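Shared between the two complexes below is chain A, which pairs with chain B and chain C, respectively.
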Partner chain A sequence: MTDRPAPAMTKRDLLSLIGKSAGATAMYMAMSSLGQAQASTFKGPIKLDGDPGGASVLVLGAGVAGLVAALELSRAGYKVQVLEYNPQVGGRSWTLRGGDTYTELGGLTQTCQFSSGNYINPGPWRIPAEHGGLIHYCKMLGVGLEPFQQNNYNAYIHSTKAFGGKPQRYKTIQADYYGHVAELLAKAVKKNALDDAVTAEDAAILLESLRGWGALDNDMRYVRGRSSASRRGWDKGPGGGLTAEPIPSDPLDMSTVLKSGMWRQIGGHLSNEHQHAIFQPAGGMDQIAKGFERAVGNLVRCNSKVTAIHQDEKGVTVHYLDTKTGQKLTAQAGYCICTIPLSILSQIEINVGPSLDAAIHAVPYLPGLKVGLEFKRRFWEQDEEIYGGITSTDLPIGQISYPSYGYGSQGPGVVLGAYANGAFAYEFTSLAPAERVQRALEWGSQIHPQYKSEFMNGIAVGWHRVPWTQGCFAIWTEETRAEHYKNLCQMDGRIMLAGEHASYIGGWQEGGITSALDAIGRLHQRVLAG
Partner chain B sequence: MTDRPAPAMTKRDLLSLIGKSAGATAMYMAMSSLGQAQASTFKGPIKLDGDPGGASVLVLGAGVAGLVAALELSRAGYKVQVLEYNPQVGGRSWTLRGGDTYTELGGLTQTCQFSSGNYINPGPWRIPAEHGGLIHYCKMLGVGLEPFQQNNYNAYIHSTKAFGGKPQRYKTIQADYYGHVAELLAKAVKKNALDDAVTAEDAAILLESLRGWGALDNDMRYVRGRSSASRRGWDKGPGGGLTAEPIPSDPLDMSTVLKSGMWRQIGGHLSNEHQHAIFQPAGGMDQIAKGFERAVGNLVRCNSKVTAIHQDEKGVTVHYLDTKTGQKLTAQAGYCICTIPLSILSQIEINVGPSLDAAIHAVPYLPGLKVGLEFKRRFWEQDEEIYGGITSTDLPIGQISYPSYGYGSQGPGVVLGAYANGAFAYEFTSLAPAERVQRALEWGSQIHPQYKSEFMNGIAVGWHRVPWTQGCFAIWTEETRAEHYKNLCQMDGRIMLAGEHASYIGGWQEGGITSALDAIGRLHQRVLAG
Partner chain C sequence: MIRKQTLVLVLASAAALGTIAASAGAQTAANPVPGEAAGTFMMASKFSEPTGELMYRNVCAGCHMPDAKGTQGAGFYPALAKNEKLAAGGYPVLVLMKGLNGMPAVGQMMTDQQVADVVNYVRTHFGNKYKDAVTPADVQPLR
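Up next is the complex of A and B:
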């Protein structure tokens, strides 16, 4: 699963699509329903007390949801077997390094050519501090975490429609937007236009606060000077010695900021999941999978493609294909925790009741594309003082994310050169992989001209062409959530679903984890109840 | 040199002192003059082309300014000797670890008792990405950098005067302040109160922007709901499975936010030097000193206390005391780069012209105190999901800074338990070190009740009692800057001053570095000119 991208991008792309067809009200409803507000309910390690009495569970899918279920159920005394389609565990929690190969739907195979030490995470790439469940398992499994640079004031905002396509530093746009907002509100307060909403006592405090927050001058204006330059940057920065005096820069006027549309990119880091602190596993997201593999790898049968799930009053039988040998096999257990993405599960024969069946078929998956690009050197650091963080753009690539590891290193570096969602991801992915890389390179060179001379190689993962998930993550709306969500999560006979799709933290590993914990907790109650 | 603390603290303390005596205008002038807006003029490695013809330079002080001067002058062919008071190089760029001892003015000695791997940096502790000079030398000297967590939305704002002394999460206060600012401005725009300042076209865009940025609802209100909860946090966070639906939280009303005074702590990360990305050397700030020591340690004579500096038409003679043997010695060279802090230099005999002499005596130093506290476990991470970053408080400790290294580790952890400046630092430091630690512990326990049961040991450095600097850093005002700054930086005969005090980036290592580069550049021109 790719976690949710910087909300300014995904959400906007998707909402834009929705908005175009359904108007502003539908757009707002969708904004709520996508649940961009996400922190975890995880409150500490699960306790599955009581003897399951030899009960057995078949877990389908070895992504983080399946792995958590396998780990906790086996610790609680269950007989557990996990079937996994891929040759390795981890699911969408995945890392591509030099030498790795990846074959998408349609049979096109790419071999990653990154230099040693470089990688991209085609799926989830960030761990918010609030995602306590995932952090708990990282600690338990010895997965080291390091800061992910989400919000970098030195990175760019880029728009083809503003400043002649010249990228602007994030800090400049934000400082100018904040400054003008503060000046305008101060103006309204001073002309008593808000006397119905703010008492005189509060108004005085508000003005004081706006001056500091907005970097206003003594006359409550956002103007050229040290105060504004201390936020937006200087024409000539301060230094030492005789010629050290700094020269302030000219703020953009409010109209320019507004018409640029770049304010859309302010605040991506204000939502709970993108607020600092935010982490990544040191060495790649698949370090989590490797941690789980050390703990429960012995329970997982890889290269096992589930073809049918059948339950009766005695247990669950799963038919699967060994993708290496072509052999048709079956596995049986008392219960089944199925974490297969709905995009795939909806194509598999499964005998569940009509409400769960309807839920399985009700939820579409977000298309998405990530492109990793390797360059001969870290020109973003060396030429532009951008260390990690994200440049956003209205180009189809959506964003460029700079590596949050190996700062200052001299060798080749890898950026996430595209993270596209929505309709454009379909278009982008319809191209052959080499062509996708080429396009990402061309678009990105509008922001970093160094792209062309420094390029080494690239790799492109279109999530709706990933054979085992066929999409990024489940998209719930208010309507589908109301009609189907509880049915999706309810135990159906001996089968229970888990995964990010069975959560309110869609698109994040924490959704899969909290979903799995909720599911096995209920399963355990059922088993103990006999 | 301690670099500038989170501006909300130092600046406010200092400005508050100034403000009390001199009114708002003086305060504003001071705000400008402290030069809180600081980025570096560093534009790449210095080139000292041309043969200095055997010229010799005596560098006084082996802090970063002196070390940069020594490194670059020796590379350019100068004969260089450095005299340093301390037993080690680095100056204020200093780290305390278990086993280290420190003796302050008055003779009180503390021994640091931290566990292996833990440390505090009593002086500078952060490296903004914009400080290109320092980052250049870190790269050159093989000093690894890792992210410093400046702004952590999960850390607290604490005020003894608000919420009954209960700390509030940073994200909550900021989200509510932003939300209400957005709602109020939208209200003013909608009632056409700003028609003189905003065109109708811009007003429509402004409203759209405020809704997104302020997390307003469809009616442009900042109210309880998913939108506000996605910023400020939830009453019950979202999760997975059946009971996963999140429950929004109630925003504070605007009056409560304003009266709390906590808005003062919003925006500490908005100034250039505190914007992400921001770094620290992996393993402690003294890794920089160790890097310089590897490069030019052979040029430095430690334990050498300068007592007099004399120049004539032929050269410079420096009298110094070997602090180990008590021996009185002299050193001679053609020129002298003096990086001794003005607080100390003003006590040393030096024959310079009246304008430089006046400048040396014109600049006071900021008092300051840092306290490191070690606890048995990282309760801030384990109990409160705070990984790095800074909690601010109106208590005399000023702030609590959580370590930006070793996230998730199980052993003891060290926080910066106080960073006090201004008048209170004098009061605080008048106590014996153990008493300072005790006070920091008592105050801090108002924020973290775990303090009392988890405390292990602490260490307290009061900068105005540090024998070799007697203060944190130079405090320039508009007036002293206008009258003395250029005189301070001008070469006086064969002597030139350098250091953060001779820069517009006061309180940061980058000020010392850019000052040194400017000084040696001018010295080199002088030498080449014969």
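Up next is the complex of A and C:
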């Protein structure tokens, strides 16, 4: 290993070497580990070649999974009808803006009072670049994407247990944490403490890299100076003219950084699904729903509550209720793609085999709560130079996310004022909506004192009280996956399930889309086989 | 022994944080839950509610509703009020510890005592009159 000139070798050289010495399989494995393989299972537009011969499909649920199924099956020549519980399509691909009303389970209704142009996405709110399926449909449906600021170095990390509750800039904590770790590691290398793990040649390279990674000075120290200030921020920033000379800031000492626990909040943006570039639809997540509505809205019957699903050797019969008229109706088709969340489907009569039946009843749904808060002005931009991004906190609100649109607007702005999980989500959900908003305001004002004087209105969505999902998304464990996942995805007679719950990308729209594409691909093979 | 220590820790942290929660609660216009400051919003990983009543009001009511009458949408949350399935105390304990359909196993975020307390509370309120209390020892084997 030590004689290989690694820094001078390009990725292509390496692949070529592996290909020569170990064959194509090893080369593919290496490519995967170097990040050149597909991110999700989406591999380009689906091709359903061949004549389905007039076969019909009933799609249950008009979220992204059901809408993708309806779109592709109808294009392939199937007769498609979609039943949807809600008055509109989109499912969890959902946006709340001024004038919208939302009635949660229990009957409490909120009317969103946001000003024109402001919104929150109570459900999914981000589109990672690696979610090729969703991005494909955004392009196809004319849904414009804009950058979502996942990681903003100027946003805060906040802890009630550190710095007297005073929020710290993300960049300050990351710079000081990296800086001290780099200095410490450099010391260890210089003392030859890592000789059993690092060769002399690599140690030299490591030291050089640590200087850059940790913003160390010439003596390999993380100290007050130009180098550290250029990462963590200055006491007085550089400018032009007579008073332009910058004044560096004092790094926090290592013990303070470690004991603050704030290093836990470094790297929320490092997972594949949160890395930049990451997007949002311009104008709200429901632009995706609207795009699908333009394409296949004519196939969807809304206000239709499914009460029973019955299949026999000839086809599938679905019993449903018109939620406006109370009329009991039935729909029939040769096959059924059912995208109803398992939290709901587990309460609906359906005649499937025991393994699918067990799978349907085996998956709990996450709580999760979001609060949108509107303020008279964008004080986070105007007073604190925070443009989009996320402040994290150990308060029950979990985080504050600033809008990744409309920067510099002088009018009112909306933040995501809470995204609560765990016990906090249950406790938030048990409060009346107005009380949830009030709590989010109280807690958030510990981070932004401007909250109190600038507040206008808010809206709160606790996902366990969402009437059509009874939860945020499916919670799988390794044990339930092993026992039930394949059974859940298998075609059962004439019925096949799809949705984020039938994917390994739980809680993301890409999961619903790749699941739907997989399901209709298999359905099509079955139909063609007669 | 470990479990008892956990419970003591939970109560101790509840006491330590009580003042913060109390001040937050006092500033809100309406505080619908009496005594809530003693046990809610303490930590994300587990429930800190010290009594069965507070656990019901602050956790269970999110789905089963404050009056325990349940609710209906595309699916439903069953009423716990006047619910004959509560006749055997082991059943609600099992549901809390293992979950049911879309309901997560919320009892895993409670101590054995807390599970027993909330089960006993529901089985003696909302029109339920089951006097045979469950105990933490009934809960422990389901961990």
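The criterion applied here is as follows: the second predicted complex is superposed on the first by the 491 of 530 C-alpha atoms of A that agree within 3 Å, B and C clash if a C-alpha of one lies under 4 Å from a C-alpha of the other, contacts with A are read in each partner's own complex, and residues count from 1 in each chain.
Just so it is clear, contacts are C-beta pairs under 8 Å (C-beta built on N, C-alpha and C of every residue); 3 or more make two chains touch, one makes a residue touch a chain.
Note that the coordinates shown come from a computational prediction; the quantities given were computed from them, not determined experimentally.
Engineer: So, does A:Arg522 touch the first partner chain B, the second partner chain C, both, or neither?
Structural biologist: The first partner, chain B, only.
Engineer: Scan A:Val363 for contacts with chain B and chain C and give back first, second, both or neither.
Structural biologist: Only chain C is touched by A:Val363; chain B is not.
Engineer: Touching A:Asn421 in the superposition: chain B (first), chain C (second), both, neither?
Structural biologist: The answer is second: A:Asn421 touches chain C but not chain B.
Engineer: Tell me which partner A:Ile495 touches in the superposition: chain B (first), chain C (second), both or neither.
Structural biologist: neither
Engineer: State whether A:Ala432 touches chain B only (first), chain C only (second), both chains, or neither.
Structural biologist: It touches chain C, and chain B stays clear.
Engineer: According to the stated criteria, A:Ala331 is in contact with first (chain B), second (chain C), both, or neither; which is it?
Structural biologist: Neither: A:Ala331 stays clear of chain B and chain C.
Engineer: For A:Arg465, is the partner it touches chain B (first), chain C (second), both, or none of the two (neither)?
Structural biologist: The second partner, chain C, only.
Engineer: Chain A residues in contact: does chain B have more, or chain C?
Structural biologist: Partner with more touched residues of chain A: B.
Engineer: Common interface residues of chain A with chain B and chain C?
Structural biologist: On chain A, no residue contacts both chain B in one structure and chain C in the other.
Engineer: Please give the residue numbers of chain A that touch chain C in the complex, ascending.
Structural biologist: Chain A reaches chain C through residues 85, 105-107, 160, 305-306, 340-344, 346-348, 361, 363-367, 396, 398, 420-424, 426-427, 429-432, 435, 438-439, 442-443, 462, 464-471, 475.
Engineer: Could you please specify the touching residues of chain C with respect to chain A in the complex?
Structural biologist: These residues of chain C touch chain A: 20, 24, 27-30, 32, 40-48, 57-63, 65-66, 71-77, 99, 101-106, 109.
Engineer: Write out the stretch or stretches of chain B touching chain A in their complex.
Structural biologist: So the residues of chain B touching chain A come out as 24-25, 28, 31-32, 35-42, 129-130, 132, 135, 138-139, 144-147, 149-154, 171, 174-175, 177-178, 181-182, 184-185, 187-189, 191, 193-194, 197-199, 202, 205-206, 209-210, 212-213, 215, 218, 225-227, 229-231, 233-234, 236-246, 248, 254-255, 258-259, 263-264, 266-267, 270-272, 275-277, 279, 385-389, 404, 407-408, 486, 489-490, 498, 500, 502-505, 511-519, 521-522.
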